[in-house]
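Going by the order they are written in, the chains are A, B, C and D; count residues from 1 in each one.
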Amino acid sequence: MNGTSQMLVYLIAIPLFSATVLLLGSRALDKVGHIIGTLASTAAFVVGLLEFFAMLGRAPENRAVTQPLFTWIEVGNFNVGATLLLDQLSICFVLLITGVGTLIHIYSIAYMSHDKDRRRFFAFLNLFIAAMLLLVLGDSYLSLYVGWEGVGLASYLLIGFWNQKPAYATAAKKAFVANRVGDVGLSLAVMIAFVQFGSVSFSGVAEGVEAGKASSLALNCLGAALLLAAVGKSAQFPLQAWLGDAMAGPTPVSALIHAATMVTAGVYLISRSHFVFDVASVAQLLVVIVGAITLLFGAIIGMAKDDIKKALAASTMSQIGYMILATGLGPVGYAFAMMHLLTHGFFKAGMFLGAGSVMHGMNDEVDMRKYGALRKYMPVTFITFGLGYLAIIGVPPFAGFYSKDKIIEIALDAGGAKGIILGSITLLGAAITAFYMSRVMLMTFFGSKRWEADAHPHESPALMTIPMVILAIGSISAGFIFNLGDRFINFLNPVFHSDHSGHGEKEHLLPPIVVSALALTAVAIGVSIAIAKYGRGKSIPAVAPADVSVWTKVARRDLLQDDLNEALFMRPGQELTKALAIVDEKVIDGAVRGVGSLTLDVASGVRRTQTGFVRSYALWVIVGAVGILATIAVMSL
Amino acid sequence: MPTPKIEYGILAPVLVVLAAAVLAVLVEAFVSRRYRYVVQTTLSFAAIALGLFTVILNKDVSGRFAEGSVAVDGVTIVLQGTILIFALLGLLLIAERGFQSFTAQASTLPGSADEQRALASGLQQTEVFPLTLFAVGGALLFPAANDLITLFVALEVLSLPLYLMAGLSQRRRLLSQEAGLKYFLLGAFSSAFFLFGSAFLYGYAGTTTFDGIKLQITTSPGNDLFLLVGLAMLTVGLLFKVSAAPFHSWTPDVYQGAPTPITAFMAAVTKVAAFGAFLRIFYTTIGGMVWTWRPIIIAISILTMAIGTIIAIAQKDVKRVLAYSAIAHSGFLLTGIVAFNKSGVGATLLYLLTYGFTTLGTFAIVTLVRDAGGEVTDLNRWSGLGKRSPLIAGIFTLFLLALAGIPLTSGFVGKFAIFSAAYESGNISVVIAGVLASAVAAFFYIRIVVLMYFNDPQEDGTSVVIPSPVTAITIGVCAVATLVLGVFPQPVINAVNSLAMFVAG
Amino acid sequence: MSLDNYLYLSALLFTIGAAGVLIRRNAIVVFMCIELMLNASNLAFVTFARMNGSIDGQLFAFFTMVVAACEVVVGLAIIVTIYRSRRSASVDDARLLKL
Amino acid sequence: MNSLTILGALPLLGSAALFLLPRANELLAKRVALGVSTVVAVAGLAIAMNFDRSVTGFQLVEKYSWIPAFGINFGLGVDGMALLLILLALILTPIVILACWNEAEGSRWSVKTFFALLLILETMMIGVFAATDIFLFYLFFEAMLIPVYFLIGGYGSGERAAAAVKFLLYSLFGGLLMLASIIGLYVVSRDQLGAPTFDVTELQKLSLNNQTEAFLFLGFFIAFAIKAPLWPFHTWLPDAAKAATPGTSVLLLGVLDKVGTYGMIRFCLTLFPDASKQFGPTIIVLSLISIFYGAFLAIWQSNGDIKRLISYTSISHFGFITLGIFAFTAQGQSGSILYMVNHGFSTAALFLIAGWMIARRNSSKVQDFGGLQRVTPVLAWTFFIAGLSSLALPGLSSFVSEFLVLVGTFVRYPLAAVIGTLGIILAALYILIPVQRSLHGPVAPGNENLKDLNLREKIAIAPVIALIIFFGFFPQILLNVINPGAQASISALNIGPSTGGDK
């Protein structure tokens, strides 16, 4: 059914090769390392574009292409081929990854120019691109798994890029471990899939589900397992704690991995597994709940953060919450989730780059309380960041408006109480988002200067601003373009088999226009509160005030998630470890050594019978004789 | 009254050796001191060699001779052959004159002027040769005896010389004399039990011949009091000889006190002889009583393994370690008796053969580790031997591994054969016990290896003397035998199995 | 009178002898006790010989006596040497070898 | 055509040659050892070339009567599993020799003896995996102890003598239990087959009653569980690994311990199928305990001794291997066998690099390292990659095996598989914590001017790393060799559906 393409492998091969070269290469490569890296990423992007146009050239129903490479694992009927699959869903990611990726490569050339390990940095970036592409191109859950952990590794390496700072190393480790918890889910998912359907490829599982091979229990377990995986990778509740710390990485990394691409892999996984969730209602409900909780969770944390990157990270968390929630809303949701994912990719990446640019100008200061009034000094940054800001809070006609609005809409349409609750949550989320993003905006670019003495803010070089500009354009236009005549939905339709054509006429809880109105009001409220609190003339203390409500304190502590993990897992774990160490030393090895020393004691005890008195020896003889006589007597009775 | 018929040809091995012994006594009396040593050694070796030769001539014989008081059959042949080989090797050690093992004059007081004079005058101990020959003679007769009287006489002829030989050490004479005394008293004591037992067996059967007793048991089974008492007492006597617990107490003291060449001789020869008699009596004479005696022997066997291995762990003197290991091996050998089946006989004979070589070799090496004051038997002073003389340490390690029953050594072949025989008879308990005991035993053998290789030598004058040819030959032969029997045991196994038959009837 | 009594006697003698070995310290006496045990056996032998009406028992008894004689020779030799070097014939003094 | 005998004899001859060399000329000894082992490795690969994948039984079979009285034959032959393990040994030996070039210097014993012992050990390793006669196997099984014993005791550090003895006694004890079972087999085979035999394929014809079978099975299993090592028979391993030189540890954990798991498949499963099924669940539990127990103690060691840490991770890994073996599924079986090979390489890498770190720093405490990534990047990277393979990162060899094991287990024991899967979280911890402590953070005092890997060390470690990555993507090369045998041994158990998805 599917056509094949021989080019897919190059998408992965090019950046992977470049990464290898950059890693193994000698210091001589330092001069050109960044160029090679950027070129590799660009090349991948070009390939992606070619594939995209080739795809558009085909009829919608057979746009998907595959490229079988080799048999990876085959044992009994467990048969996994290394095969690549490019369909409408993956192409979106391919373009996002390579496109935004390339821009960020370019940006990094300037941003990392002072770092003597720049070559290594670009190697890692390429490695990430390759892994992420493998993630979205793999045609089976197991191949996806490879990319899945691959991006985890890349993220680990990049978060810990400056791992000479212990805190950064710890952050990297934390991220990896949190991801591993999610990976457990993915492993289990693969196992369940294999046992239930005898296949781990997407198509195989899909057919299996169609054929009703699996009980609904099994399907819900499968769904839950997949959700766990998504939660880990996409920093959803309750595994979100690592994302904030992950900001330890260089800002371009935060933009690419922890905003635009990797963290959205969870959304990809769930959308990719739509055929499971469509029939696993419980799992689907879980998805919605997780999404809803996280979008508020992130938003609340976002309000309390003074570190610009952490604030943005919190908002990422929250925005992904939106997407996850959308995917949990069944066929209608996937497309919108994807749409929001893409738009978010643009504006959030743009804003991170903006933040990076600010830090660049403020010699790596991240505390917004030490910013202020930067709009005059960094006009380009200000404008691009501002556009991103408008996009994220969902002001029409910016990208965020279309995507987020749709999600709120379908949330309301979820029906019954569910609809009401979800709808209000999403609206509330929108309001809070508006508030904290405005807060970021105001604290950074408006108000009075609160700089450190040695700060000399200046606009960043072109290599950094150009990507920002391009992304800003994206955040303006993307939503509008996508939404034009539902073209995006229709484009993805063959993947999700969810006929949206009828969705216009479908019965709504509220008419779309009302929804938009509500959303905009929520936004307005949020913005106005922010202005009231941080607007013109309001003084912002250079250090976060301590005399704040317990809620603020809690929010600053990421809603205590770390403390919770600490109390629930780490400390008991450490205790257990200590206990086991003692057990091993004292009990098990002790038992062994005990047997040894016991034998020795017995030996020296029995030895005493050898008194040296010949008469006692004679006594033994007699004892023996009597013993034998007695035994014989007894036995012959 | 017809004259009794004596088959001299078939009894030749025993007769030759005993005759030589008598001759040797005369030599002591009439040959001048200067030539005595030469004459005695030649005589002894000649006698043993001749004996061996006659044994080989007898190899196809199977029957009862000397009016049924002696049984010569495959088992006897094998045992006598083994005994003579070991006697030969033992004699080589005894004949070693590179260093004095024996007191010049047993009668002189330790440290007295007489002793000094005796030493100074270059007196050389040669009484030991006739004594050895007598012991060998007894040993040859013991497993062949087919009659309680013969058995008793053989036992005494074997034992009495050993009591004396145990006391002949030149160094540490007090220890040596004490060993002699203990051995003598306990030996006599146990032979009293033996004798009392024989009396009751005679009372039960009305005859002293094994065949008569066997016949009586088969024809009128049941638990006659005389039979049971006799059986028990006789067993005590035999168990004492093979130093099975709880009749083992003499072994460590005697092994340690006696001159090392004698210890080697005892350890190899008496064990073979005693187990030979054990086999014959328990497999044929009182075989009908197996259900009575098997549980006892099982218990004794396990007890012996346990006592031997466990006490050995706590020893600090190499000769005592070896003594306790000898006890443990008696325990293993008893499993061969327990087996009470065709393969049991062959296995026991094979085990005796392998064990004899190894144990002779170990004691031979002990004679080489010396300082100014004679042999050094304190284990701590053996540390670093591997550095001091790698060859000797290596060979000693080989022997220890064989004693521990590590594969590719003779010890393993023996253990395997004897345990599988016991397993076959369904007495898995002894096999398990044996295996566990081997595990424990491994510990103290390895401890010595560690000592020799991983500890640094102490500078206390302990050194390994270069052995004169006689000892060197012994060690060489034993080492080779230990290896060959471990790697290519097939021919020997075939030979033993083909011969391992008791005379029918 | 029945022959059994002779057996009882011999058993008694044997026991006395064994007990003596355990109780007495003087090597000579210990040795004599052993001789007593041997003779107890001899008594048993002749008794059985009488019971079974066969000559072997008496024969055995003679052999025993000869052997006993040999034992005396060997035994006394050893005991005397010990006595000369230790100035004591107590078996308890001879315990350098132990454990 | 007795290629296996020749292959096995070569290193032995090499060691003999080494003993003849002059004590003084150490370099020559090293070169000879390296040369011999390389030749053997090449020869081994050549032999592997004409190994027929389609055949399930033994190949390259040789059989000579040795001790007919006991039915003992000198029987050699390999199936896929044996072949791969032999190749593992052959590849690792020259690498170890090269990597531990100067390891034996300054020991109480001569350098040439060290390398001679290594070569002897190589012979033993070939023999133990190639033996088709249980007795011969037992023989190598025991004989192997002696070179290792001297390698640890003679060249180790710290509590070497004690560790050596502990290792030896543990193994001897197990070996003797196995001996008891072997004697049992001997007797039973003589009763049932007329003549005694130790031939593996012959012995499969025996029909044992349950009690006997359980008894014999336990004898073998405990011996193998000690070797493997499975909880709670493991305590000898950390001590031995700590005391031994890195090279010895590589061969000890990388190859020798595989004899345990190998034996479980080769003997326990094939000779005692019913007992295996009977004890299967218990062993599954033990395996799970091992996985977590080893992992937790490894984490504990991350502020302790790095060699102990690695050995505890191995205990965890062996838990996975036994888990797969006793899941009785095609995937589990093949996965476990593949795991043996992969674990060989990753542990080898870890130990060699750890050894170099220790040699440079004169300390094996994890805390004493730190910031190595900045000082010695190459060393740090190789260690990191080795670590990643130890935590079974997808794309590296061990992932495939670990995942196959888990899938295979899931088919029969879903719960066990789920629990086992949780182990991968701990794996992340016990690798990343030491990685952070030793490679990341500021450069710890005393590490400022440590040397990075020299050419020899790079050459030694490169192939291992390469194989780790290569087999991550192309495990099928190995699996094709493994599968037939594994399938056969599973179908021989005839125990329900051996693979999932067929409902």
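Going forward, a residue touches a chain if its C-beta (ideal position, glycine included) is under 8 Å from a C-beta of that chain, and two chains touch if they have at least 3 such contacts.
Quick caveat: nothing in here was measured; it's all calculated off a predicted structure.
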Chain whose Cα centroid lies nearest the overall Cα centroid: D
Geometric centre distance via CA averages, subunit C-subunit B, whole Å: 25
Rounded Å distance between subunit A and subunit D, as computed from the means of their C-alpha atoms: 37
Whole-Å gap between the CA centroids of subunit A and subunit C: 97
Between subunit B and subunit D, centroid-to-centroid distance (C-alpha), Å: 45
Subunit A, residues touching no fewer than two other chains: 607, 610, 612, 614, 618
Subunit C, residues touching no fewer than two other chains: 18, 21, 30, 91, 94-99
Contact pairs between chains, per stated definition: A-B, A-C, A-D, B-C, B-D
Interface residues, subunit D side, partner subunit B - complex: 66-70, 108, 138-139, 142-143, 150, 153-154, 160-161, 164-165, 168-169, 172-173, 176-177, 179-180, 183-184, 186-187, 190
Of all residues in subunit A, those that touch subunit C in their complex: 607-608, 610-615, 618-619, 622
Interface residues, subunit B side, partner subunit C - complex: 106-107, 109-110, 148-149, 152-153, 156, 160, 163-164, 167, 173-175, 177-182, 184-185, 188-189, 192-193, 195-196, 198-200, 202-203, 206-208, 252-253, 256-257, 314
Subunit C residues touching subunit B - in the complex, by the definition given at the top: 7, 10, 14, 17-18, 21, 27, 30-31, 34, 37-38, 40-41, 44-45, 47-48, 51-52, 54, 56-57, 59-60, 63-64, 67, 70-71, 74-75, 77-79, 81-82, 84-86, 91, 94-99
Complex contact set, residues of subunit B against subunit D: 406-408, 416-417, 419-420, 423-424, 431-432, 435-436, 438-439, 442-443, 446-447, 450, 453-456, 488-490, 493-494, 497
